[in-house]
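Both of the next two complexes hold subunit A, though its partner changes from subunit B to subunit C.
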Partner chain A sequence: MRHLLTAALCLLTLPATAGTRAVVQDHALPRVAGFAQAAQALDAAAAQDCRADTLRPAYQATFDAWMGLSHLGLGPLEEDGRALTIAFWPDSRGLVGRTVQRLRAEEDAAVDRPERFAEVSIAGRGLFALERLLYEPDNDGNGEYTCRLAQAIAGDLSRLAQEIETAWRTDFADQLLNAGAEGNSRFLTAREASQALYTALVTGLEFTADQRLGRPMGRFDAPRPQVAEARRSGRPLRNVILSLEALRDLALALADQPIPETEAAFATALQTARALDDPLLAGVADPSGRLRVEVLKNRIEETRAAAAREIGTALGVSVGFNATDGD
Partner chain B sequence: MRLRSTTALALAACVATPALAQSKAEVLDTYADIAQAGYEDSLIKARGLQAAVETLLGAPSAEALQAARATWLEARVPYQQTEVFRFGNAIVDDWEGRVNAWPLDEGLIDYVDASYGGATDENQLAALNVVANPVFTLGGQEVDATEITPALLQGQLHEAGAVEANVATGYHAIEFLLWGQDLNGTDYGAGNRPWTDYATDAACSGGNCDRRGQYLKAATDLLVSDLDWMAGQWAEGGDARAAVLEDEDAGINAILTGMGSLSYGEQAGERMKLGVMLNDPEEEHDCFSDNTHNSHYYDGLGVRNVYLGEYLRIDGSLVSGPALSDLVAAADAGVDEALRARLNATMVELGQIKSAAEAGFSYDMMLARGNAEGEALIMGAVEALVDQTRSIERAVSVLGVDQIAFEGSDSLDDPDAVFH
Partner chain C sequence: MPSRRAFLAGLVAATGTPRLSWADAGDPAYLAAARAPSGGHALFGLGAEGQDIFRIPLPDRGHAAAAHPTAPEAVAFARRPGRFALVIDCLVGREIRRLDAPEGRHFYGHGAFLAGGDILATSENEIETGAGMIGLWSRADGYARIGEYRSGGIGPHEIKALPGNVLAIANGGIRTHPDQGRDKLNLATMRPNLSYLSARGEMLEQVELPPELWRNSIRHLAVAPDGQVAFAMQWQGAPEDGVPLLGLHRRGAAPVLAEAGLAEQMAMQGYAGSIAFSAEGAQVGITSPRGGRLHVFDTQGQFLAVHHRADICGLAAGARGFLATDGLGGVLQGDAARLSPLTRADRAWDNHLVRIG
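What follows is the complex of A and B.
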């Protein structure tokens, strides 16, 4: 085993594997472009009419597009903390609510200048700050400021999405595809590029299992449905399903050979998720509902194990360090 | 240019079987020796803190409170250097939350300013205030806290309601009890709890001074007993030492896992980058005492210690021996050279944060919205930590110790699964 892997490492003198090429061209680039379009449409909609009920469809579409690429946490999403800014979750200290409340109470003038708004705490920006404006009843009678805040958040999201799209298209795609080239200090070998994408796949599966499902599950005697991701906009289960679909697409692109076991595991996990019929994952509050969510969590963990066996081993890579290694 | 030669060396390593100057077992011995010395030093300093707390509670005064704070600050120096043992060693990781859990909703413990707010979605107990409430309800059960004991803190309050921010024990709970909330926002200044919060007579401020003293004593006693236990785990015959020596490749992998996970996900991400992006002084690791520059610095030093196989003890003596650096150099001199250079670069960046903070530009000021200099200082260190993580990944590859992850079909970042 060891000798085979060492040999495989030595044979990988090509700048990129077919899998890396497929991920860049068929997976990442279309998705970053799609998110940029959705965020731009949200920005335009907010500029035209910032009322909550009219903005909600564009908000949902932007969140859907974000779920298509949020797992690609390397490169442009990591730089300048863009992914964290777009989707600051989990928010274990309740900072989004407090920050949005403070911005509104103080009528913070940063909303009127994009370069100043870009300096505001990420808890007051991105999809989760906007969710508060669009889905929590506005009782403070400050509709005019709330409108400007919604427009500022939408504009900021669109700017971030364009930056991500440009960085992927003009720079990061080349880095992944030309490992070891002069000036490419990010990826020294094709194996490093494969490892980075494989790490994104595994990290994405872990995030959905441990955070999107694990957080609301809490402990058996202390379930916490109120912390489910994007519950205010009704998206907890939808985000789980969309993330699994995006990760399946990544797995299929990344693998250089058929991955029947992984495909079957994804199919089972997705089927289990769709059968839940519990958009808010509110079922975690009672033992039988919790069990059903736990079954889904196990299915996702099985998918991760299958991907490790079929994809990690074939590429000769293990999971690298990732941003969720901390506690 | 250096990177190109690294690539060439990496390829050369494929055809030559490197002779190992140091055996893996010797390197693991050094690693365990450093862990043992680090936890022993932490224990010694925690006992000093315990004595200072007893003095404070016996005869409360401004001087006694200040002396207790000084011992707490000293105690952080060796402890932070042990954080590199967390990830990768299940025995440490399972235990660590007892002593260094963070961030915390301090309203669980004692009085807080009105601006703190109350219960949140995430934490229904965020403003419980145990010091003021001898009896309260927890998950539908009535809890008798008329006496505040180590058992109450550890058994019932810590992570109550399965909420990680309910930190009832460890360094940061003690820090809050010694300093109080830092109400200066992103301006200069730490917490300023008056010594009279521990006064036993009519001078008592903040109410329930006796219960606050009970809490401080219970938390300090618990810290001492927890550190005593962990030092034993790394002594000859201890379980943590045995675990890393049991399988050499797994042990080497544990060292690198600890280095990479602390550098990247924990320190660069969770503790540093997130704080800047939230502009939130409560995201400081040592937020009550404004000691964050030191906690980051000694975290970084701990990573360097285990790679170079040397640790300077609190009495000035040196623990050293065959190092992981030697193993990596034997496998690929370029990878070792790059990793050593990046560890040193990180220490320079963290040193700059430390020196700026000590000169009065405190870490919370660096976090202020629009403070470009502070952001540049912190993000410089974040980038250095990210760079060093890439070198750590390369070290994992050239040593081939990630093979165990394949064999167990488990990931490098899931030490529990690898080791169980």
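What follows is the complex of A and C.
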């Protein structure tokens, strides 16, 4: 009887898996802190000198740091639209260009007040709005306003990055690690926490394959290299590689046992990506280049399948029952 | 010689057992289908606080159920394109009738009782033409097929009974053919609508969206105590387009489309899975399992709140506010102010939570 009782209580208070702890401590927390530092450095750099060519290195470093956590689309990133505000992509309706253009044309004074700029359309904020300013310099003699806009975007990014870091450190990490605790309506069991992190892994792999590669690939008879992610700042392939590296780190942290098949699949995908030697993924425009990008896409899909077999099965989780079906 | 049990079961089916009520089946407040960890599927009766009342095995994955208004009887629909539906006696916990879609038809996964529960209406596809149909079945005659009429569009999905035996029909606009599974055959030309039909099939009113939203499939419905109809949509364009997914309608008026801010709207992934009015009728909610979100609006269409919960989909009016179910086995209660768990079990709740009565 006592054994039964103990077993029942254990079920109620089952601690987080080693994998969940590893993801929180070794993966998520260092990465959100790194992004906050990078965004703060960008903000400081913009305050000092907002010219495009001097700001570009800090911009690139901030984008690199963002790629280290953009796949963690649960918790602080999904609240208050933060992830979309930081990275408004894909932008199938061309909202970033239009919003930046409008801000400049109207010389919207929201840029001078952080709390008002936080109310500006998310398409006119974040990394992709700033990319327009730094890599598509205007020649309309509007440099002074552009400078204030760049400073406003950098300050807004830094604020968002700080909010994410604080929310992870002071709240969301505890929620992941204390599933089922009183007041934790986010995760009712340790398995739900595992499932949320596993979903982030699978969703991240799918996003890189289907969006970062699939969007510019377009249809065979209608490739669309011009819609590649962060094309203006020269980052399409870099983002693919950085996202794969971040997702490999997540997979290794999340798994509670060796994952040789997944590791091998990541290695092959990364090797394929690095060998592409096509920073803008511009090769999708011709059949042989497109084929090489398609091979990379297949490698990423194989990585997802391997992760499902090795990690999903071992954790006893899969991606959403309803999210993947629907009607 | 038939066994006593079979004899009784036959009698039950033949007479429709008017004296039995949902109270005899343990007074469930909701029906919901779920998948067990073993992979088996079942229909559950749930109490007002989300607790299990009964569990009845299903042969395959369910989609939605229609609850008889008074008798403890449920019609469980398979996922589309299903060729059959099961009438389940929730008292003895087993199938008492199997409704086969007529030749050349299949079910779309939803149904509703009319005429105080005497008639079951089902949403169907006329496969050859793609015309949406409403099939009618007489409960008193052992659920014999007694008629059908056109739904007023293509791809009717959820249907709801309104006072006066009026049917509200979500004609999703998407043509499918069972030979091609769930492939959508007419996305370029689709044109969904919300139709109100009389019990005889006369079109009383039809509501359409503006042309730029014709790819927004109207699929699920909720009816407020005062007759306001809310409809939930599924966008067939890019998931990040951020189009409205909730519409509100009163008979004779233009529909009101409701949306949250851009980031929240985009986070719904162009997909609303279920819709319900709150118990008090003052709030309307839509769920997106793909976005892991419940969005709550007021009945004027003003956005009130977002709540996060992975794979949330089923939604119905609660004892107060809303009751919601998710693919992780959770049953949650909430309103605009909060969303908190009531129960959880090792099972995956399927798309819909159906309130009884």
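In this section, the second predicted complex is superposed on the first by the 307 of 327 C-alpha atoms of A that agree within 3 Å, B and C clash if a C-alpha of one lies under 4 Å from a C-alpha of the other, contacts with A are read in each partner's own complex, and residues count from 1 in each chain.
As a working rule, contacts are C-beta pairs under 8 Å (C-beta built on N, C-alpha and C of every residue); 3 or more make two chains touch, one makes a residue touch a chain.
Everything numeric in this text was worked out from a predicted model, so none of it was measured.
When subunit B and subunit C are set side by side, the one touching more residues of subunit A is B. Of the two partner chains placed by the overlay, only subunit B lies in contact with A:222; subunit C stays clear of it. In the superposition on chain A, A:323 makes contact with both subunit B and subunit C.
In the overlay built on the shared chain, the residue A:312 is in contact with subunit B alone; subunit C does not reach it. By the touch criterion stated above, A:92 is placed in contact with subunit B and with subunit C alike.
Once the two complexes are overlaid on chain A, the subunit A residues touched by subunit B in the first and by subunit C in the second are 81, 84-85, 91-93, 121-123, 185-186, 188-189, 192, 195, 320-323, 325-327.
Here subunit A touches subunit C in the complex through residues 74, 78-81, 84-85, 90-93, 121-123, 185-186, 188-189, 192, 195-196, 199, 320-323, 325-327, going by the rule given at the top.
For subunit A in complex with subunit B, the residues that touch the partner chain are 1-2, 5-6, 9-10, 13, 81, 84-85, 91-95, 97-98, 116, 119-123, 180, 182, 185-186, 188-189, 191-192, 195, 202, 218-219, 221-222, 224, 226-227, 305, 308-309, 312-313, 318-327. By the touch criterion given at the top, residues 35, 63, 79-80, 109, 157, 219, 234, 238, 240-241, 261-264, 266-267, 271, 273, 289-290, 292, 308-313, 326-328, 330, 332, 339-341, 344, 348-351 of subunit C touch subunit A in their complex.
For subunit B in complex with subunit A, the touching residues are 3-4, 6-7, 10-11, 14-15, 87, 96-97, 103, 105, 117, 120-123, 126, 139, 161-165, 260-261, 263-267, 269-271, 273-274, 276-280, 282, 369-370, 389-390, 392-394, 396-397, 400, 402-403, 405-407, 409-414.
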